[in-house]
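Chain lettering (A, B, C and D) follows the sequence in which the chains are written, and residue indices restart at 1 in each chain.
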Amino acid sequence: MIKVGIVGGTGYTGVELLRLLAQHPNVKLQAITSRSDAGTPVAAMFPNLRGRVDLSFVDPKEAALDQCDLVFFATPNGVAMQQVDALLQAGVRVIDLAADFRIKDVAEWEKWYGMQHASPKAVAEAVYGLPEVNRDKIRQARLIANPGCYPTAVQLGFLPLVEAGVVDVSGLVADAKSGVSGAGRKAETHILFAEAADNFKAYGVSGHRHLPEIRQGLTNAAGQSVGLTFVPHLTPLIRGIHATLYARITKEVDFQALFEQRFANEPFVDVMPAKSHPETRSVRASNMCRIAIHRPQGGDTLVVLSVIDNLVKGAAGQAVHNMNLMFGFDECAGLSQVPLLP
Amino acid sequence: MIKVGIVGGTGYTGVELLRLLAQHPNVKLQAITSRSDAGTPVAAMFPNLRGRVDLSFVDPKEAALDQCDLVFFATPNGVAMQQVDALLQAGVRVIDLAADFRIKDVAEWEKWYGMQHASPKAVAEAVYGLPEVNRDKIRQARLIANPGCYPTAVQLGFLPLVEAGVVDVSGLVADAKSGVSGAGRKAETHILFAEAADNFKAYGVSGHRHLPEIRQGLTNAAGQSVGLTFVPHLTPLIRGIHATLYARITKEVDFQALFEQRFANEPFVDVMPAKSHPETRSVRASNMCRIAIHRPQGGDTLVVLSVIDNLVKGAAGQAVHNMNLMFGFDECAGLSQVPLLP
Amino acid sequence: MIKVGIVGGTGYTGVELLRLLAQHPNVKLQAITSRSDAGTPVAAMFPNLRGRVDLSFVDPKEAALDQCDLVFFATPNGVAMQQVDALLQAGVRVIDLAADFRIKDVAEWEKWYGMQHASPKAVAEAVYGLPEVNRDKIRQARLIANPGCYPTAVQLGFLPLVEAGVVDVSGLVADAKSGVSGAGRKAETHILFAEAADNFKAYGVSGHRHLPEIRQGLTNAAGQSVGLTFVPHLTPLIRGIHATLYARITKEVDFQALFEQRFANEPFVDVMPAKSHPETRSVRASNMCRIAIHRPQGGDTLVVLSVIDNLVKGAAGQAVHNMNLMFGFDECAGLSQVPLLP
Amino acid sequence: MIKVGIVGGTGYTGVELLRLLAQHPNVKLQAITSRSDAGTPVAAMFPNLRGRVDLSFVDPKEAALDQCDLVFFATPNGVAMQQVDALLQAGVRVIDLAADFRIKDVAEWEKWYGMQHASPKAVAEAVYGLPEVNRDKIRQARLIANPGCYPTAVQLGFLPLVEAGVVDVSGLVADAKSGVSGAGRKAETHILFAEAADNFKAYGVSGHRHLPEIRQGLTNAAGQSVGLTFVPHLTPLIRGIHATLYARITKEVDFQALFEQRFANEPFVDVMPAKSHPETRSVRASNMCRIAIHRPQGGDTLVVLSVIDNLVKGAAGQAVHNMNLMFGFDECAGLSQVPLLP
């Protein structure tokens, strides 16, 4: 049993972490912090946790996080970078579910996130927590940059193709659709029910913060610079991301086999039979990513469909997966929920 | 490990049983039948079960159900009553998730269900599987009539009051709202997305089949005939029932204490603090029933709010609970999922 | 053509007023105010109005509202009462879509709304704008208190019964369900999509501000004090209210005929055939209220189902109806939209 | 006033035609046919039409369609082609909302639609009813092939680019998302509420029937063969299509100006300011198409966003628009509804 703390547990990644960790065999939840809700029982805010999580939110100052083995940051961007150095020095390992350590190029990060970085050194040390790419490094890491939700779905769908060098990486297109929980739990008009229900729109087409993150990952995989058009959309789901990926073929291979081999040993990537249409609900509440590939009309454009639950494989579940790797637990511990359908 | 068969697994109670049983520590799924889909892998129809359930649907004739320890019927009304006698004779225990054995008065049953009953003897033997009322009888039972979804939510909310004789049982009102999965997975126009989304309506106000079932249970609890107005509504949820119950007070007691004491030892009934407003999502995907009581404006009318997931506590979860009792397993085995929120 | 101003047009009742008034043959929109959004074109905030409404929001101070023939207040509670005296003195007529003038008992109003009333004189003058009750007074009025959404649906459903004295008015029950737009467009956590979608809950069971408003209307109609239990619920609709009303019969009459006669000449109340189940979508985007009555199992409890679009008959449409009456326009002018289904 | 008949009015395009025609100043609804529902009042099936449409469905044989000036076919594919010759000979004009006359290459049509065409001659005569392309021909036409919903949204978004020859037409990508009403009102499992709500998926990636229709239109506009990858998705909306279109630039022009000029005189195409994100609800219940263009990161890929209401501009509204042109009515007659938001 390790002692785990959570900083900032009042958002959706926070409550999802709690849902998963409450059932994890190797974890003892030590503290969960919230400045504004200190004193409130967690289960009063999230009644699904009644009888399952007895903690109350505590003020960060009283949380004794340095006594934990591991601290998750489920905070807005820019918080973890302020505290990570002290925690690492105290021997605590850290998984940041926000974006503070995802982009290696600090100047690039500062441009997209509009603030100065507080710990470039930590950025350099951090391991990007996509187990399908960095499993071994994650096992050794003290600090994990947990990937964003879109980047997880998009990278897993493109990786086999760009690693194998079989598509034109100068003109990749990622058309991605996200459920509304991806926008967080902060009260904002555009994500009100009466705004987002029965409505569909693109957003951030000119430039979304996940673009440089995806581009970094694909560039590393391709060994060359990639050209990516990334268009996110808001769709009236609570949970779920569906990425529809387009790439022009430059080299003929057995694409189905390529994907199956690439992910053969991955517990959380399911390559479906050719021509399948994965549904977001087929992974709802689970850490699974399901992928299917198509070559419409036998043409030169490959279409990859990739679905995840943005709060699990796209956030809290992947963080638990990273924790399992870091601490040598069974890789699937606490992550064996059967997806919820219907 | 007991050997379990499922008859008719292509509906929502079927897939929900599979979700729960796939994670149950004491169960080996032996066979799942479907006449029309024999040969189809279960996971092809329900992709959430990919990698979790390896069975294919088999024709009922080839299922060797008489080799099972327990058979669940997740079939339309009128099927289980045809097969139950043979199975019981073969030493197989049976849990029917449909309505065949719920109403003790066979004539009444035949009136509401519009068919002749094939096994009145089995009706007489069957135990009504509401553990909060019949726990001990369930432990001994060979045949369980698993309660309907509305009847579960409504009875649990009224029981403490009618058992204690503190309300006027001649004029109970149950205003109940159900998610659309309660109507099943058969293709019918009125439950199409474009019909049921962004829409709310009552139905069956003149008389719904769950009315006699609820009335029977409350009459037993009250020790006298009850007058009940039951109005079901269809609401654009996938899962969930919210019952709003009204009763006029005839005797002053501490109603909050009454409910807390009545359910003190029940693992799947959560009496919330007075004046709470339980949400359906607080029990989504779990076997919990949450209840809160109100006395608006200090008047003479008590309002009880009772929520369940219609597919779990209202169907498959309660069936697993009954199985656990029948076979002496840990009462909560396979039923410890944390509700999914958001 | 009359000159019309709108105070506070950035909420849902505001945009709905604009939708209706943009198509009204007798109205010239003069000004629409918003302190925070002054300068913003209305169509930039509400793109459905592109090409239809050319106004920009203006600061209240520059709106010259005293030049209008009529001003609608689509503001939070407590705003109209500050400005109404000056407008009336300037010869401007006023329709308040908020609650400032709905409750005749000022002390009662102050208790429920938690503020001191700024103009008890205006309360005394105001006419409660439910045309089915006060048509003639509305025609002469300078100041209209436009009814709340729940009160409209509930009163129309109960009125024939309490006016005729055929039910027990000491124990009326109104179980009402509202779409989320009824909670307004202000950013609040509990009405986020990821909170309110696929979820159902009661709220305000201990006491909702619409309770005294409904009680006042029914007491007037009954000629005696009424006992009412009113339970509102939040349901995942954008628009729509469904009120399910329960009353115990004290005198036998032909209830269907009673309703048909009561509303025979009402253009915006549709009494459906007995045993119908009106759907909220059957009135979506229209000013219609549809009502159906049931007497389940021939018992002593009558069930009335009443549906409206909370933003139209429950707010902006009823306000336009009141305007039509006040200015002698065709009563249905601008209100002839066919409901949107699906 | 022209006399209008509708064949097959029990689906969503049928009820939507009725909603629009019930408010059209130049139309008298003569007959609406349905074999299975003959005798049923239209308003009993579609209660939004209560008090607005007094017709009952009649058997096709008794409809005297040859007495009409215009007949709409709102039928499944393959019906209109059986009846069109007789109607045209009788001097009746015809608008087919299904696909029978959309594809000029009859062999291609037969391949995609899996049946033999009954009237190739009619195909040759038919005018493709996209007013933004064929306005003058529509004015003279006896027979209109009303465009599909996806083809309307996709073609309008690509047309300015392919007509101007400024993008690479060999690699166009159309990623389109449709509300569930696009799948019709026939009872099918995959479009049940409990299947389609809170779920997102692609479908028909290998080949959708709208692909050849879009390709035909774009090929005509380009004057050369086009390569198009078209991926439709089902999204939990009732109404709405959002097409996200990708094209690589081959010639620099002012793209915003190109679109604005192309559609300058179009009453039903709204080119929004550059970098806008049109929402489907901004056109809900209206005949408008809103388009916005983006050039993310200043790269070589152009992104066009195009939204319509699939039942209006994508079906019934466009049909009414075509009728207006054919009969010399005001082009916007009956089509001036303000979109419904929220």
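Throughout what follows, a residue touches a chain if its C-beta (ideal position, glycine included) is under 8 Å from a C-beta of that chain, and two chains touch if they have at least 3 such contacts.
These figures come from a predicted structure and were not determined experimentally.
Among the remaining chains, those touching chain A and also chain B are C, D.
Chain pairs A-C and A-D differ in how many C-beta pairs are in contact, and the one with more is A-D. Each chain gets a centre from the mean of its Cα atoms; the one farthest from the centre of chain C is A. The mean-CA centres of chain C and chain D are about 36 angstrom from one another, to the nearest whole unit.
Between the Cα centres of chain A and chain D there is a gap of 39 Å. If each chain is reduced to the centroid of its CA atoms, chain A and chain C end up 45 Å from each other. Multi-chain contact residues of chain B (touching two or more other chains) are listed as 12, 179, 181, 185, 194-195, 197-198, 236, 238-239, 278-279, 281, 284, 342.
Across the complex, chain B meets chain A through its residues 12, 15, 19, 22-23, 46-52, 181, 185, 197-198, 238-239, 270, 272, 278-279, 281-286, 290, 311, 336-342.
Considering their complex, residues 171, 173, 175, 177, 179, 194-195, 198-203, 205-207, 211, 227, 229-231, 233, 235-240, 242, 244, 246, 248, 275, 277-281, 284, 294, 296-297, 299-301, 303, 305, 307, 342 of chain A touch chain D. Of all residues in chain A, only 12, 179-181, 183, 185-189, 191-198, 236, 238 touch chain C in the complex they form.
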